[in-house]
Structures are given as structure tokens and as C-alpha cells.
Amino acid sequence: MLLIALVIYSAWICPFEFAFLIYKQDALFIIDNIVNGFFAIDITLTFFVAYLDSQSYLLIDDPKKIAIRYISTWFIFDICSTVPFQSLSLLFTDHNSGLGFKMLNMLRLWRLRRVSSLFARLEKDIRFNYFWTRCTKLISVTLYAVHCAGCFNYLIAERYPDPKRTWIGAVEPNFKDDSLWNRYVISIYWSITTLTTTGYGDLHAENPREMLFDIFYMLFNLGLTSYLIGNMTNLVVHWTSRTRNFRDTI
Amino acid sequence: MLLIALVIYSAWICPFEFAFLIYKQDALFIIDNIVNGFFAIDITLTFFVAYLDSQSYLLIDDPKKIAIRYISTWFIFDICSTVPFQSLSLLFTDHNSGLGFKMLNMLRLWRLRRVSSLFARLEKDIRFNYFWTRCTKLISVTLYAVHCAGCFNYLIAERYPDPKRTWIGAVEPNFKDDSLWNRYVISIYWSITTLTTTGYGDLHAENPREMLFDIFYMLFNLGLTSYLIGNMTNLVVHWTSRTRNFRDTI
Amino acid sequence: MLLIALVIYSAWICPFEFAFLIYKQDALFIIDNIVNGFFAIDITLTFFVAYLDSQSYLLIDDPKKIAIRYISTWFIFDICSTVPFQSLSLLFTDHNSGLGFKMLNMLRLWRLRRVSSLFARLEKDIRFNYFWTRCTKLISVTLYAVHCAGCFNYLIAERYPDPKRTWIGAVEPNFKDDSLWNRYVISIYWSITTLTTTGYGDLHAENPREMLFDIFYMLFNLGLTSYLIGNMTNLVVHWTSRTRNFRDTI
Amino acid sequence: MLLIALVIYSAWICPFEFAFLIYKQDALFIIDNIVNGFFAIDITLTFFVAYLDSQSYLLIDDPKKIAIRYISTWFIFDICSTVPFQSLSLLFTDHNSGLGFKMLNMLRLWRLRRVSSLFARLEKDIRFNYFWTRCTKLISVTLYAVHCAGCFNYLIAERYPDPKRTWIGAVEPNFKDDSLWNRYVISIYWSITTLTTTGYGDLHAENPREMLFDIFYMLFNLGLTSYLIGNMTNLVVHWTSRTRNFRDTI
């Protein structure tokens, strides 16, 4: 449970740091390393947790077999997503906040597979209501997509050489001096305006780089919204079938 | 029946008063108190109406049991949604039309649970056509969402310190001198443009406060439109299955 | 068949004349009266066509019974939709092209019930492919909605006292001098931009009257698009079930 | 397999050449003719490939019968889509890059029927996952529609007499001097903004010709998006039915 909360926290903070925070603040830096510590503990724990063999349905607790299975599957990814690249970089170089190191940080998103597998398990668990599990999943995916797209789009605008030819700069020329909160809200606003296909057009791509990002985001949205509607239809059909059956039995 | 009409009236007037009417007009004030009177009567009546026990399926008419059941469930909410806070405030303070008292007025929306339970009952009632009951429900929910969002968005614009940096002020700088009807139409127009995801963009959020409201409204819309489409699909499938069966039997 | 073509023609021309043609051109006037003539013949013919009694399943050819049945149901509407009000008005008054007479002309839309009943019959007719009948129906309804909304919105703009504060006038101040074709294209363009919820926003409501029309049109669109998607889902499900069955049988 | 790749290549390059390349570059010209060569070989090969008679279920390898069948069905179209019209035109006239010859080039799109029939076969092939085959098909169709619409819309803008009254010229007056990549990105950006019904409105039709094209594209989009959502719903319903069955069996 704690681990899931930490995963959600790092999944949310990761694109945010990537896009909005140029120099990592001290408080965040410490929290980040504590979170990393927890994941490191989790990796070591995995070596001592027995697993269920998918073929023989036996519980295997031989440490050697567990280690082989884990190393041959997800060990490398788990390690990569835990190594504190930025802390390491501080040892070797001086205050380096380049795009490269930030990108290595994005490897932390690998941790999201835990959330994904959690939902898969929850859906099969009959103790939980199928309807609400599914809804929570869909809402989480949507909100996370909105958050990520907002952050990346902001990053593209900030890195663009001419600030006035960016989606945010065309409306607020001095956006870089704006407060963090305002910049985040405007990014999320743009993101959700595009995701819901409302598209007011007050904020829109100004240069080919942003257009390219928008193209991929909109294509993704087309898929996501159809997926949402498909799921909603599915749930509505099953939801109303109860009332319908009740009517038919009378 | 009368009570349902009163509920609909107060649900509609409540956000409208909240947003558009700074000083409560006399006529409205009187109507409001009459409506409150009806609900007060309804609350007292509930103490004398027998109810069906959900476990033993017996009709219980013991006044004590009825009172215990009612007080332990919805009594407090019903009372809160009926107390005429504004009238009381007039007794103690002078012409106070602050946001606080207005917010207490929003408790009246609690009355909507009656409409909700009415629809639940109608859907199970085989004397009514399922298709039309469902349609009416969906249309009511949509219209009410449009009305509420329009009113709240107007309120946000009106309370913003700089009138020219609001969604409505950017188009009509002197919107506060406009007629009530025009302001209501423009609010509903914005609201429905966003809900249907048409998003012309002639009216759009200008400050972070409005953006935040828009974000939540658009997220809600995404859910609502998928829900509408899901329901429509469900109804179409059942509707056409008749024609299809007719074709198959020939 | 000829009658259906005439119905489609008059359904299409009716809102078009209403909105775009101030003085009825001679050619159109003559065609209109010829079409009216055909419908007058059809009304008289109905008195001599036997009908199938819905209760006894007998073919009734007694002229009296036919007449009673017809007059008691749709006779009045059929007459109203055929009377050439404009021609009559020319006899009594001089070149009167007021809004009132034009509105009477809209009664001709009553003829559309023939198309509606035709589709209902076609869907039950197993000689025709269900998929294509349904598609044609949906496309016709969509196109007709687009056509009507475009025409009415143009009419609202034309009748507005200040031409520059209209949706079309804000973009093209001298739109009234534009060619008929251009004005029709721009109306249809606005109409379809709104119906598909693309909403570019280059043409948008400028005054409360247009906003009110847009509100109703968008609400209607919300219903129509959900209906279209619902039908499409229904058709896709039945279409793919064949391929799926084919796969399952192997 | 190679042929499919070539079909995809020529389907993609065909509208692109048509819209963006005024004078055919040498490299492209040679590649084009090589691709044509492959298709010419394929046509000749078809005369020697036995086919399965759809009535007797016998494999027919009589060259005469094969030739008759092929010539009477698709031979003419296949030939037309392979003849190198532009090379021929160079023999007779001098550097002619008129619209007419380019249009003849569009006949190459006939080759797409191969892709269409490939997908039909794949869906019926149980060795392939139905879900992914269907998804790939839908994504291909969507991307191809976006590509084609972007190219044609650019062509309309380029051929319009007044460059400033075009959808692209209103934003970038000197768009004709822009790099090929930028012009392609902006076209695709417009195309996808319209297809997903986001409709920012930063790029929109400026003249009746573009409006007419937009009308047809938006109508097509309405159909395509409903089709996508319908398919997605279908897939979600079948996808989740597994989890649901798993829950019901416990």
C-alpha cells in the first residue's frame, strides 16, 4: 500500500520536475532520495519473497530460483528506475541540470507497471466492485495523461529559442517570470482543453515543434476518448441490464 | 407531484440567485419563503407516514420508530436545506448579502435527492416507458449541469478584481451593466459550448481561477458525454433489436 | 417514387427559400406550384386507395370509410402543407413577402412524414440490406439538420438590425452583397462546424439572439451525435459478429 | 510482403507528390519508376497464378481461363494504376507538370485495394490476434485519411489565386517559401486538429473553396469517429467479457 502511494507520488512528480523545476529544490531532493531508498529496499525484499510458479502452481521459496527468475525478468529495469542519477552526477560534475540527466530520471516511470498490475489484480478480485475499480482506473489514466502532456508541452515551450513564438508565450510574453502555480494551471488547462477535444484555441501550437507534439497528443486522445466511451458504454449496458431484468421479471 | 415541481424550481433558482442576483428581490424573497414553508410541512408529514421495513417487508406505523428512523438518516440534511438562512440573517444583521450566506443557501440542492429517487422509482415502474424515462433523466441532468456551470462561471467572473481579465469581460468590458437576460444567455451559451465540446473559443478562461474551474468542468463533461453516449448506444441497441427480430422472424 | 423525390425536393428547398430568397424568383415559383399540384393529386388519390384495417386485417375499399379515416387523421395537415399560401396572397395583396407568409410555407415540412414512414417500411423489408438502409437514413437526417440549421442561422443574421454584430457580418461586413452560392456555403460551413463539434470559432454567435439559437442547435447536436455513435456501434457490433463467428467455427 | 510495402509507399507518396512537389525530383522519379516496374511484374505474374473458383472450389490453372477472369475484372484498373503517365508525357511534351497529369497519377491509389483485401484476409486468419489486426486497420485508415486531407487542403491553398486569403496564408503570408517539412507538418496539424474535432481555429477555411473541402472532410470525420468509437466499444466489450467471466466463475 505504501509502495503504491510512493509509486503514484513519483509518477506524478517525475514529469513535473522534468518540466517545471530547473534547479532541484533541496526539500524535493531529499524526499526523492527517501523514496528511492524505499524502492531499493523493495528490490532487495523481492529476492526473499516466494513466488507461485505459473506452470506447476507450487510456491517456490528457493532463494536461488527466485533470484534467477527476478534477474532474468525485471531486475534491470527496476534497478535503472531506482539509481539516483542526479545525486551521482553531483559527485562527478558540478551543478549539472542538463536535459540528459533529467531524461534518465524519466526511467522512474517504469515503476508505473506496479500500478498497472495492481489494477489487473483488483479487477479480478471479487471483493471489490468491478464498476468502481474500472472507473478509478480510467480516471487515473486520463488524469495522468493530462498531467504528462501538460508538463511536456510546457517543456517544449520553455526550451524553444524564441519565447514569443511558443503556445504560452503568444498569450503571456513573460511567462517565465510567472509563478509556478500559474504556469502549471495554464499547462493543465491547455492539456485538458485538447484532451476533451474542446479546443478553445486561445492557446495553440505556434511552431513546428509544438505542432508535432500536438499531432501525437491528439492522435493519442482520439484513442483514449474512444476507449473511455467504449468502457462507459460497456459499464452502462451492464448497469442498466439489472433494472431491465427487474422490469422483465414483473 | 407538487413537491417535485417545487424541488425543480428551487434547484433551478438556487444557482441562479447565487450568481446573478446581488440583492434579493422582494418577489423572489416571498416565493422562496413560501417554497420553504411547503418543505417544512413535508418534513413534519414524514413523521406521520408509515414506511416499509426493508428487512421484514412490514408496514411500520409506530410514530416513534418512524421518528427514530427519519432522524437517524436524512432529518438533519432536510432541516438544513429548509432553514431560511437569509431571512434569519436579516433579523440579526442589516442587509447582508455576503458570499457566506449565499453558500448556506446552496444546501437547498440537497432537495435534489428527491428527484433522483423519483427517477430510480420510475425506471422500475413498468407502467412507464423505459426509453422515455431514461431520456428525460439524461436530458434533465445535462440541462442542470449546463445551468449550474453557467451560473458558477459567471460568479467567478463577477467576483474577479479586474473585470477585463475575465472570460466575459474580455468580450464585453461593461458586462455588469448588461441586462440580466443577456448575461444569463451568454453564461448558458459558454456553458453549452464547453459541454458539447464545440469550444468556439470566443469566450474562454482569462485568469488562473477560471482555468481551474474550466479544468474541473471539462473533466466532468468528459465523463458526462461518455455517459450520454453509453446510454444512447444502450437504448439504440435495444430499440433496433425489435426491428431486427421482426426481420429475422420473416 | 416520384412523390418521394418531390418530398425531398420540397423539404430541401423550403428552408432555403425561407432564408435566402427575399423575392421569389419566377422559375422557382412555377416549379413550386407544379410540385403543389402533384401533392394535390396525391391527396385526391388517397380517397380512392383501399387500406388495410389494422384490427381485422381486411382490405377496406368502401370510399366512405376511406374518406372518414383519412379526414379524421392526416387530411388537415396534408391540405395545409399543399395550399399555395404565397400564390393566394398575391391575389389579395400586392408583392407581400413578409415573414408570416414564409412561415406558413414551412408547413410543407409536414410532407417529410412520408419519408419517415418510407424508412420505417424499408427497415422492415428484408429485400433491402438493413445496414445500408440505416446508414442512408442517418446520413439523410444529419444532412437535413445541417441544411436547416444553416438556413435558419443565416435568416437570424439577415434579420438582425446591426449587420456587423452578426456571426457572418463580423467576418464579412458586406455579406448581403455576396453571391447566393457563397452565402449558402458559409452557412453550411458554420452549420457543419458546429454539428461535428469541431467549432473552429472563426464564425461564432455575436448577439443574444444567435446565442439562443446556438444553444438549442448544440443541444440538438449532442443528442444527434450520441444517436449516430450509438447506431454506428450497433451496426459495427452486428457487422463484426459475422467475422467473429467465422473465426470461432474454425 | 514486398508488394504490400510498395503499395503502402506509393499510397503515401502519391498525395504527397500531388500536393507538395511542383517539379518531380530526380531521385523520386527513379524510385517511382522502379516501383511501377514491380507492379508491372506483378500484373504479368497474375496471368500465371492459379485461382480458386468460388463456386466449384477447384483450383483452376488453365492460363486462358485465368487471363479471361483477370481481364474481365481488375486488369484495366491495374494497368491504369501502373502506366507511368508522367514519363510518357515527357516523351511528347516538354516539362509539363499540369494538374491533369498529376490527377492521372492519383489512379495509383487503386493499388490500395490490395491492402484492403489483405486486412479482410488477416481478420479471418485465426493465427493472428483479432484485436491487434483490427486496431492496426483502424489506425492505418485514420492516419491515411489525415495524410490525404492534409495534402489536398494544402493543394487547394497553393492553387488559390490570392495566397493571403487561404487557411495557411492567413497565418504565414509567405508560406510558399517555407521548408517542405514545415509545410507538411502544418498541413498534418490542421488535418488532425479537424479529424479529432479539436478545432483550435488558429488555421481555418478562408474562402468558399476551402469551406467546401472542409464541409466534406468534417462529414467524413463524423462518420470515421463514430466508426472508431463503435469499433472500440465492440473491442472493449469483448475484452472485458473475459475478466467478467473470470469473476462470475469464482
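Per-chain numbering from 1; labels A, B, C and D assigned in written order.
Basically, contacts are C-beta pairs under 8 Å (C-beta built on N, C-alpha and C of every residue); 3 or more make two chains touch, one makes a residue touch a chain.
Since the structure is predicted, the reported quantities are computational estimates derived from the model, not experimental observations.
At the interface between chain A and chain B, under half of the residue numbers appear on both sides, which makes the contact a different-residue one. If you match contact pairs by residue number, over half of those in A-D turn up again in just one of A-C, B-D or C-D, and that pair is C-D.
Superposition of chain C on chain D using C-alpha atoms only gives a rotation of 90 degrees, nearest 5.
Chain centres here are Cα means. That of chain B falls 35 Å from that of chain C.
Rounded to whole angstrom, the centroid-to-centroid distance between chain A and chain C, based on C-alpha atoms, equals 49 Å. Residue positions of chain C touching 2 or more other chains: 197-201, 225, 229, 231, 233-234, 237. Partner chain C is touched in their complex by these residues of chain A: 197, 199-201, 229, 233. Remark: chain C residues 123-124, 126, 130, 134, 194, 197-201, 204-205, 208, 211-212, 214-215, 218-219, 221-223, 225-227, 229-231, 233-234, 237-238 touch chain B in the complex. Interface residues of chain B facing chain C in the complex, by the touch rule stated above, are 142-143, 181-182, 185-186, 188-189, 192-193, 195-202, 225, 228-229, 231-237, 240, 243-244, 246-247, 250.
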